[in-house]
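Down below are the structures I want you to see.
What follows is a pair of complexes built around chain A, which joins chain B in one and chain C in the other.
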Partner chain A sequence: MSKFEFPKSIASRPVWGTLEVRPGEHHLMIAEAEGAEAILDIATPDLMAKTHLIYIPKGTDYVERLQALKPAQFYEGPSYEASLQRIRRVLEDAHMGLQVYLTGSESMMGQAMNEVMAVGLPHTAIQTEHRGSVARRMQCVHCKGITEDVEVDPFVCAHCGLNLFVRDHYSRRLAAYQGVRVDAEDHGNVPEPKGIYE
Partner chain B sequence: MSGAEKIQAKVTEITPLNELVTRFRFERIDGGQLPTFSGGAHTVVEMQDGGITRLNPYSLMSDPFDQSSYTISVRRDDEGRGGSLFMHRQVKLGDEMTISYPVNLFSLDLRARKHLFLAGGIGITPFLAQIKQLELLHGHWELHYACRNHALASYADQLTDRHPNETHLYYDDQNQQIDLENLLSGQPLGTHVYVCGPKGMIDWVRNTAAAEGWPEDCVHYEEFLAPQPGKPFEVRLAASDKVVHVGENESLLEAIEREGVDAPYLCRGGACGQCETVVLDHDGNFVHRDHWLTDEEKASGKKIMPCVSRFEGKSLVLDR
Partner chain C sequence: MTIQFNDESFRDDYTFHNSDWAIKRFPFPFHEDSYMYSVNMEQHRGGPEGSVYEMRFDVDEHYVSEMKDRAMVLDQDPLRCQSLPHMTLAGWDLLELIMVSKSEDYPELFELHRNGNQWRWINKPLGIDHSFTFMDETTLPYGPMEYITRQAQGDFAVLDQRDEMLWMDAGMVTTQADWSLDFDIGMNFFEWHAPVPKAHEMGIFQRALKFLLNIQQGAPARRLNWTMTVNPLLDTSPENYHKWGIQKTTLTPENIAHKQHLRVELQTFFRLPRSNALVFPIRCYLCSFQDLMTVPKWGRRLHRVIRDLPEELATYKGFIDNRPMMLDYLSQFDDGLPTSPGIWPDLETEPPLSK
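Up next is the complex of A and B:
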């Protein structure tokens, strides 16, 4: 099952939606791993004939099923970072009326949303649906380094090595949650790490 | 006192532009500076017309950063309730008038990578200020301006002279029409469209954009509704404990103000939502004409916008 119900939290925490087909002559879908299931859920021959699908499998095996939908264009990227050049180029050439669908991890959706907003589309016009990994993209508030795929709380900053507490405080600009030193007052007193939603 | 803060101003220039449109310049009586504003803002001009106080909104068309004066362009409406006729016939050079601080219900969305302006007739005025603002910011914009004919196309020559690449004109008498579907579908991602003109034009643009998949937040429009005359009716103001008779040619808001009740307002054109009033009781039908209330709110019979909407029936009680 690729769906996960995030517990209610502070206003800063993003709330992801459910994809729906919207009118338009051109559709851009960016999907990661189990996000493929959200695409399979809304796909129709008519929609896919007008769709450019950018897919990042991350070790999953949905590629054949997605190709069978016969999207107008299909691109398989080894990682989000590797797909970024293509995403930027597609957005640069796109016209108004383009519908954007993002589905997969919070990290991928947050970063892709920034790219779409950078070309002037309001965030309210971008559809999202979370699927698959609940790992987070975290920014260390101390060294500003980003650590990807964080599944446990607390975790060790990949840049400065501090033990960081996983907060729900989110930055749309950075597409990252905030990590704050957990043992700032009492160095070395670090709780046992456990899953973020345990 | 309701509405935006007031400014005591003097009319320092009256310039007829064509058969229908005249431009008025206002400066502060005390010689001080006026507030800057943002393109798309309007000012509410108070007119003492016999026993009637008229409060009409007009888009500011001057440079938003020019604090020495404000200018507005008024199209004469011979069929209207008389505000524009008062401006054209009664206002003289040197007259002292009260105008409001600028209020903007039609501002630029500066997240846009391109601004596409669609003007119909006198709907050109807010764009004149927005163009000045964008020129200062080196913004990317394009104007499509439709008019009846060249003689009535206010500021068209000036616009083509200063911005020949950005300005596109369409004249009805030469059977020219904006090719809207192609114009919208060809816009680069991140374009916002702004439309100001007659209701039919606004509906045409909104519907075409929606059908082409434009996000709602990228479509901006401004339509000031003038209150329409209607059958006279009576209204009871519960909080003020007054019964007010609303005449055929005045709006509900104007009747409330005439009785000395201070009711909130800003745009007086059914757009801003400031005058929203709770209905306590009614026996009859509402004539809702605003753009503010949702269809459900209009059907509920619990809210009314007294600046443009009316009532037909036995009794109406408002919480005012």
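Up next is the complex of A and C:
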């Protein structure tokens, strides 16, 4: 099962929903890895005939099943970064009433949501559903570098190399959680990393 | 009175110091012998003569050195001052509010001459005499918010108001108690307060928001907040926490008296006229334990507050590890006598330490 129940947390931490079919002439779906299952759950021939589906497999094996849904347009991207220019181009043509469905990791949903908001679509037009990896996109508060796919706490900043602990404080603007030096008050005393939700 | 500006540092050799005048007017934040969160708001309409409440924007002996420290922080990290594109008008509002207030409240230090939109601003302590066109950004060396807050003590959060909510959409933040403007910019009131323990469950933020949304022009409000800082370090930012955090471990029974500082924020809230934004100045005052202990009432009270503070709050405020050492020191100044209500030192009426 690709669904994970996130523990209750602080007010800045995003809460993800469950996708449902909404009426509309145009639908944009951006799915990553196990997010494919959320699409498969709601897909109907009528919906998919009006849908542009952008899919980032990240090593999973759902492409054929998604293609079998016969979306109006289908694109398979090797990574979110590689798909970004295409997503922006699609959003450029977006009209009011476009329904957006985001499903996959928190990192992808957070970043894609910013792209959608940036073209002026209302947040009410965006639905989300978390599926798959519970890894986080982290910003180092010290060097400002972003480290993707962080699964353990503490972790090493990919940019400045400090050992950072994983906070639940989340910035929608950055689509990232905050990482803070774990051994700031006792240099070198870095706890053994464990899974973020362990 | 004429203010003698200190030449002092808030980093490295830490030559920061408070005069007797500054100690007696220190905004001691505890009005009783215990502390718990509350929406402790009151109108910001002056206060006792010479107190930090008297003027709209208090100027004290640390002014010039604090502004030098701010300039250093901004040189190293320009992200401490940010303004989202729709907040420029609020920046002009803030510039006007500060210039008008300071020139009226401290005419010997600041002058503002206005002829239509042609303004001349004289800031004598910082040696500035600048003519510019109000609402024309090209006539200022920085954006309006940055220009004026490089000349005003304390941090400034400029909050946009829309959808019955406040949004942290601009700010100048170089003397903060461990929060990041760069991370929090764009967040709503509940989001940027999310890391604060307990207060959400107590309904503090819901009530505070309701109060703040209704602040009217010309009717500012204020409250005090506090934390603890080892060394008189203004820039206790998360950005630099990997550098300054270790200073907390340098506290010893021998140096605690001059090294440990009570850090108090005088938070004020002003409605801005054109933008309808809310400006939230957060003015930081530091006082060493040894200077606080010269006021017998504060000695008694600080010991009791720190002793009885819930563990969660001592952890959040970052001094849980040092609390036992603080209590060893502070207990010397608590003789068990009752204390008078309110925050004022009451030096004439409170008994000296009998211990």
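Worth a mention:
Quick note on the criterion: the second predicted complex is superposed on the first by the 197 of 198 C-alpha atoms of A that agree within 3 Å, B and C clash if a C-alpha of one lies under 4 Å from a C-alpha of the other, contacts with A are read in each partner's own complex, and residues count from 1 in each chain.
One rule holds for everything that comes next: a contact is a pair of C-beta atoms (placed from the backbone, for glycine too) under 8 Å apart; a residue touches a chain by one contact, two chains touch by 3 or more.
All of these numbers come straight from a predicted model, not from anything done at the bench.
Three-chain overlay on chain A, with chain B and chain C fitting side by side and no clash.
Taking the C-alpha centre of chain A as the apex, the lines running to the C-alpha centres of chain B and chain C meet at 60 degrees, rounded to a multiple of 10.
Note on chain A: of its two partners chain C and chain B, the one contacting more of its residues is C. After overlaying the two complexes on the shared chain, residue contacts for A:His159 are found with neither chain B nor chain C. In the superposed pair of complexes, A:Arg86 makes contact with neither chain B nor chain C.
In the superposition on chain A, A:Ser171 contacts chain C only, with no contact to chain B.
Of all C-alpha pairs spanning chain B and chain C in the superposed arrangement, the closest lie 5 Å apart.
Those residues of chain B that touch chain A in the shared complex are 109, 111-114, 184-192, 210-218. Of all residues in chain A, those touching chain C in their complex are 10-13, 139, 141-142, 144, 162, 167-174, 178, 180-181, 184-187. Within the complex formed with chain B, the chain A residues making contact are 22-25, 91, 94-99, 117, 119-122, 124-125.
Residue ranges on chain C touching chain A, taken from their complex, read 79, 180, 182-187, 190-195, 200, 238-242, 245-246, 248-249, 321.
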